[in-house]
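These are the structures, in structure tokens.
What follows is chain A paired twice: with chain B in the first complex and chain C in the second.
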Partner chain A sequence: MAERIRVVKSRDEFEGEIYESLAVVEGTDLPPRPAGEERPEIGKPRARIDGVQRVTGRATYTHDVVLPGMIHAAVLRSPYARARVRAIDASKALAIPGVRDVIHRFNAPKAAFRGEDTIFRDEVRFIGDEVAAVAADTVGAAHAALAAISVDYEILPHVVDLEEAMSEKAPKLEEDGNVIESGALKRGDMRRAFKEAEATVEATYRTSTQLHNSLETHGAVASWDGEVLTVWESTQHVFGVREGLRNALNLPLTKIRVICDYMGGGFGSKGGVGKYTIIAAILSMRTNAPVRCILTRREENLAAGNRSATLQTLKLAGKDGRVTAVEHTSWSNSGQAKWVANPTGPTNTLYDFPNLQTKSYRVVTNAGSLSAFRAPGYVEGTFALESAIDELADAMGVDPLALRRKHAGKESDPRTGKRYTLNRTLDCYTIGAREIGWSRRKIGGMRGSTPHRRRGLGMASQIWGGGGGPPAYATVHFNADGTVVLRAGTQDIGTGTRTVLAQICADELGIELRNVSVRIGDTEGPYGPISAGSLTLASVGPAVRLAAKDARDQFLAAAAGVLEVRKTELRLERGHVVSKGARTPISEITKKLENNTVIGKGSRWPNPDQLSIKTFGAHFAQVEVDVRTGEIFVEKIVAVHDIGRIVNPMTAASQVQGGVIQALGFALSEERIVDRGLGRVMNANLEWYKIPTVRDVPEIVVRFTDRPDRKANNLGSKGLGEPPIIPAAAAVANAVANATGARVRHLPMTRARVLEAIANMEASS
Partner chain B sequence: MALPARGPVGADLALSVNGRRVTVHVTPDRSLLDVIREGLGLTGTKRVCNEGDCGACTVLVDGRAVYSCITLAMACEGKSIETIEGISQNGELHPVQQAFIDHDAYQCGFCTPGQVMSLVGLMRRTPSPTEEDVKRAVTGNLCRCGAYPNIIAAGVAAAKKKAK
Partner chain C sequence: MSLFSYTKPRALGDALKLLRNGTQAIAGGTDLVTLVRHGLARPERLVDLTGIDGLRGWTREKGQGIRIGALTPLAELEMSNELAKILPIVPQSLRDAATPQLRNMGTVGGNLLQRNRCWYFRDEGVPCWLKGGERCFAIDGENRYHAIVGTHDCWMVSPSDLAPALIACDAEIDLRSSAGSRKMKLVDLFVAPRGRERREHALRSGELITQVRIPEKALERRGTYLKAMERKAWSFAIVSVAASAKVRDGKASDVRVVLGGVAPVPWRVVAAEKQLDGTSLDDNACLGAADALLADATPLRDNGYKVTLAREMIRRALRSLVT
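Right after this comes the complex of A and B.
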């Protein structure tokens, strides 16, 4: 069957960047089904197939893994924002009963990690940076040991604040300085556009550092049995963790297995191997015991990543009711990370601005590093861009939605010139405007429910990738009783991956959903990509469909032999082999075949060449603002998304609600507070760092255009994880400005910032 | 995480857990959560903040929902503890559990045991809970995925079923 194998080139988008890759595919792809075709499973709201596990506490998360003889690791972290580790004395720690081992930079084996050759730096660069790790029989003994390790630090000057790090006076943290250019784009003639403009707007926007706070903290349990290292990890990418461990430990892949059965949230921060994983692995190999290394909530908020704080300046020009030029410059506090999520991404692609200039800078600081956080860069950038568009609309005296309509919903990507597979932004606008009652919107806002409250409407648009791509593979096995097992190397990060993949499998195969069992989250399965970039469904789903089709074809060939009819006369339907009106349950066929195993294989085919696959959407917000206290009451959010065919409307709606709520946290309450003098995070817990509670939830109306994107892949579906977090903060900010006349340019929009904006407006009018 | 034991070395503690009488040896610094997760191996109850901020560790003590991470184990001598593992009966899910499945009231599921226990606690002490009662019951249960609208819907559905 090797002649069926081909290698193809694919161009895929991941979090705003385009990557070219080679993919191995087999056989032929299937065409997507036409719009409106009624299917047994696809498009049906199905309860999660793992629901019972989730509601009974039987779902096993990494935190819950207990192995015979398991011991506990704890990590000593730097109490200084920047310091050199001159010496470490662990003798007192090792003398504590139950302490098995202590590793640090003077005794740990070299381990490659993100461009460095050790996990314990000689110069620690933020409060929370790893200095040493302990393994002990109990958690208590491990923590006692941490307190007994004596470290000689040489304290060095530090800087943690974004704008402070940009100044000349700041300590220089990298050879080329603290400000590093990381992206730029230019088109058209900016100078002319500004010269000929009827109206211009210039404004500075700030967003704060948002902490992921996945409820399950980062962590791993590593078990080295002398032959194979098995690692349970709360991760969005089991294969990425395996690759990271291979690089760190120099083990062949046959000796590393990574498992993630259930995981308690990641939101981008669990994209690969962590230092805690390597610590658990090294300690397991040194002590010959399984080692559990789980971060505490405080560690999670110091060392497990964040959405960068940003400083963004925008300059817009307008003429004849159109935006004629946009200049957008952004600086992101990346901490010690070597990359930056680009806030100018949406400005580059969302609208067809004729003249454009964008620049993005990474700023190095001694604060915890950024890691991807659900639509990294796009959430921050969309807030600034969409606020500025509204400011320009106000300056020109035009309706902000009407202004956007002139620049959105185009046939091709303004950045690359490539045609979109499908772009239904204008439909999103129409649906959203109807649901929120946009025609009620008045310049200067409306009266609120009490004399000191004002009511306003605002909206913002969304663009993101989500087209997915190869490589992704799946297999479908028939059991002897007619049930099937679907295997894919992906993981369910809470989006309902198991359920939608089972639906795709059952739908294509022609069997009942309850007879499909899904095994994912294990590197012993076929390769699957990272669950990030809104790519899981669009990458893995098409491979599952092909695996199911292959299994069906093989099974029907076998069934034809058993029933002594031609294969072409047979089809599979709701768990039965159907032939000229006769219906035979699958199990009767499989019983006769005994333990013959049918194994179907499927691979993800490349994306269409020369086309751009994007997801689109728009959010509309209605708010009330108490102008005496500055409190914002979000009354209603209408979220409309264009993501192709919906596989499961119930889990899709959950995704959108969750994205909106997380965006409201970013917009209204979430902010990491760092003491500049000490470099210390002052709210590294869930009491003072304010994530939304059940009381903070407005009415959320979820709508989809729900038309298959038939050029995207064989399902016609695109991703949905990130789109709903992108435009909500901007929509709320625009509604607040509409309600009060005051523009809050700093997120989160705390009461103090709202009152300040109102005071500034009153002072200038 | 618990600090190493200081003071008295510990004592045997008799509890009823999910209707079963158990005796565990605990030191005075142990929380009820420590006993449930590490002592008894009931890992359905989650440790998220470990300081009473999030509600993921919610269990019932004598029928009342409490944060087990800030409840001292020693204070539970002789009391009846119910965890997420103990509320389905004869293989049948509790109405709150079934409502969570029907309404997709979870995403990653890590807060789910705590949310469910808070609502089971509500159903126990309130004859016919309203939507406001449901919200109040889970106000102290954080969900980072933002499943709140469906959690409310599930709570209201379970309450209606109970009222029938």
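Right after this comes the complex of A and C.
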């Protein structure tokens, strides 16, 4: 069999960046099925196969894990935005009954974490930074111990606000200053385009820090049995956590197992090992007891990452009904993170602007660090870009959708010049415009439902990756009763991964969905990628299909032996082995085979060379605005996405609804509020950090172009995790501007900001 | 969280005997539990009032107005069709208060005595003035939701939705302690913290609210309650307005306008109400009253929008009484 193994070079996109990698694959890939082919499972709306477990509370999340002898960890976090930890005295804490251990920078083993060699910094850099951790028999004793630890801090000057950190007067947090360039792109002749422009627009946009607030906070339960460290963690990547633990603890991979059965959301913030994981592991190894380390909601909102606030400037030139040049500069408050998401990403690739100049900076501050958050950079950048395009359309007196049509839906990627596998943006526009009634849109908006309300329409476009890629593996084997076990190296972060993989498996095998059992979220299975970057389905799904196909081929060979017919005369269909004139239930074959079985294997093949795989879409919004009270009523969102073939219309619609709702929070109410003097997050809770409630959710119309992207992979499917959060805020902002004539350039669009924009407009007219 | 003991007496007299320093009464617990969790209340003993009969529910006796027991769950008032007919402002004020779950647990007495939601006060790591510290951090801090008027040493705002509505109905409260009983106008229960009075309520140590009374005369007035929030549910008011008036032949008299979310107490200016007497509550009259209510407003860096918002909401609330 070994001669079937090949190494192939692959080019994959992740969160807007292209990476080259190797793919180890086996056998041959399958061609995608043609558009319109009716399939027993793929394309069918299926309720989640684990839905009952979830809603009855039987599903085991990391928060639910209770092990015999388990003890509890709690973390002492810095109360200062910036300080040097000079000394720690934990003797009083250790004297409290039930307290087992206290670790801090003076006694903890070195543990590599994101480029640093310790999890307890010498200089703590934000309120919430880890200073020490305790393990105790009860949560109460652990918290009492935290209060009893005495720390000698040398308080240092801090800066938490993005724009303050950019000023010369700010304390310098890095040797080279607080502002660090992180990306730039240039094409064409900017000077000439602006000189020859008929209309220009220049504006500054601001977005606020958005906190993930996954329902399940970050956390891990670690159990060291003297031989193997087993970790239950709420994570988007069990293999990533395993790798992070290997780096931190210097253990071979055979001694680390990571499990994530069910999890309550991650949105990008649970991409790998956390300090809480390493703390739980170290404390478990030191105390010889299982240790539970779960963040509180407050800790979650201080130290578990965020979508960074941005300041963005845009300068646009237009001529002859087209956009001729765009200059986009962005600064992001990345806290202490060593990277930054790129808000100029959409500007670089969404439209074929002939002249372009973009720059992106990360700004270091003493606030909680950014982490990936559902389409990082693209949500913030699309708001600014798409607002500015509408402003230019207004200045030129053209319809904003018509202006976009001239620059979107092209055959190739304007940044790299590579051809797209498929780009149906223009179809998204047509569908969306029809569903929202775009032809009703009037310059200056429409009358609303009460005297002081105005109604408006707005739209915005979406571009994102989502093509996935190798490596990803799956196996499929038959049980003695004819049911099937699918193992894949992935995890279900709440998107419905279990269900759609079962559908792909059942579809290819020709068996019923209920006869597939899915085993994922365990590093003892075959490798699979992080569930992020909208890549799970497009990476793992094709491997599952190949594993099922391999299992089917092998099973039919076995069945041929049992039935004493030629294999070529057999096929699998609706749970039966079908031959000329005879239908034998699979279970009859497996019964005869007893516990002899077959194991199918599948791997993800590389992406097509020299082609660009992207997802596209457009959102349309209808809003009403009360111009006297600043209240925004989002009435309807039409979300249209071009993501290739839809495997499960029901879970796909859920993804879109969730993305739109999270985008509405970003647009209208979600904002981390930090006191600059104290450096403190004042709303690290769900009272004043306002995520949308069910009453804030408008009518959401979900549409897909639903045609297979046949060059992308053997399913013709692409990802959908992130696309639906990207354009909604921009569409709503454009609708608000259309309704009121006032442009709100600062998200979220609170009452204060809407009233201010309206007052400014009235003052200038 | 500190350790405490817990008692559930069956009679009001027993409960009153237990209330002394270090003891805290609890009913729905929707506020107290969060205060204890965050170290803002450290009771040695909790006295659970929910086992006491006779303080739950509301009644109306002809000519005697309405009596509401202090232990009545908010949801009971909100859902009452009967109350919606005779005193609609009260169920209206509760419709957007907190969430259905909190309204099921929260009681009338607890709602009136809830502590403020200022994020400096609620953060145990911030030594704010109201907690005995030296200064109010909101003045030059993050103050978009803070007071615009009626402040002295503390810029928190009165958070209750029910209080402005009840004050607009001239509500009075009955208080009991082991030493005796007294009555007061509900409006006098609320005090703006100043000087040595670092507190929000005029309740004496060991006292309980037993009932709220609404005089018969107030039932003759029309009333309305408007609330502005930063999202469509589960938010304390940015600004709220309770307004009531007797309207005859298109002319208003006996007008009440009470604002929530703008001052450390439910904000009322009697002169502003008086100037509406005899008017038809036209836009000019309403805005004139709004200006009188907000005449002393001194907004901070981020809460000036509340003046604009309150002015318009006062106008709308009053206009709705005649249209």
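Brief remarks follow.
Criterion: the second predicted complex is superposed on the first by the 765 of 765 C-alpha atoms of A that agree within 3 Å, B and C clash if a C-alpha of one lies under 4 Å from a C-alpha of the other, contacts with A are read in each partner's own complex, and residues count from 1 in each chain.
The definition used in the following text is that a contact is a pair of C-beta atoms (placed from the backbone, for glycine too) under 8 Å apart; a residue touches a chain by one contact, two chains touch by 3 or more.
Source: prediction; values computed, not measured.
Applying the stated contact rule after C-alpha superposition, one finds that A:493 touches chain B and leaves chain C untouched. Using the contact criterion defined above for the overlaid structures, shared-chain residue A:678 touches chain C, although it does not reach chain B. Once the two complexes are overlaid on the shared chain, A:126 sits clear of chain B and of chain C alike. Applying the stated contact rule after C-alpha superposition, one finds that A:276 touches neither chain B nor chain C. Contact with chain B, but none with chain C, is seen for A:214 once the two complexes are overlaid on the shared chain.
Within the superposed three-chain model, A:239 lies out of touch with both chain B and chain C [touch as defined at top]. A simple residue count on chain A separates chain B from chain C, and the partner touching more is B. Applying the stated contact rule after C-alpha superposition, one finds that A:694 touches each of chain B and chain C. Residues common to the contacts of chain A with chain B and with chain C across the two structures: 140, 143, 687, 692-695.
Considering their complex, residues 79, 140, 143, 628-631, 668-669, 673-678, 680, 682-683, 687-688, 690, 692-696, 750-752, 755-756, 759 of chain A touch chain C. Within the complex formed with chain A, the chain C residues making contact are 1, 117, 119-120, 123, 125-126, 137, 140-142, 144-145, 228, 230-235, 238, 302-305, 308-309, 312-313.
Across the complex, chain B is touched by residues 47-48, 51-52, 54-61, 63-64, 66, 74, 138-141, 143-144, 212-217, 262-265, 267, 296-297, 493-496, 650-651, 653-655, 657-662, 685-687, 691-695, 697, 700 of chain A. Residue ranges of chain B in contact with chain A, taken from their complex: 1-5, 41-51, 53-54, 56, 83-85, 88, 93, 97-98, 100-102, 104, 106-113, 116, 135, 138-139, 141-152.
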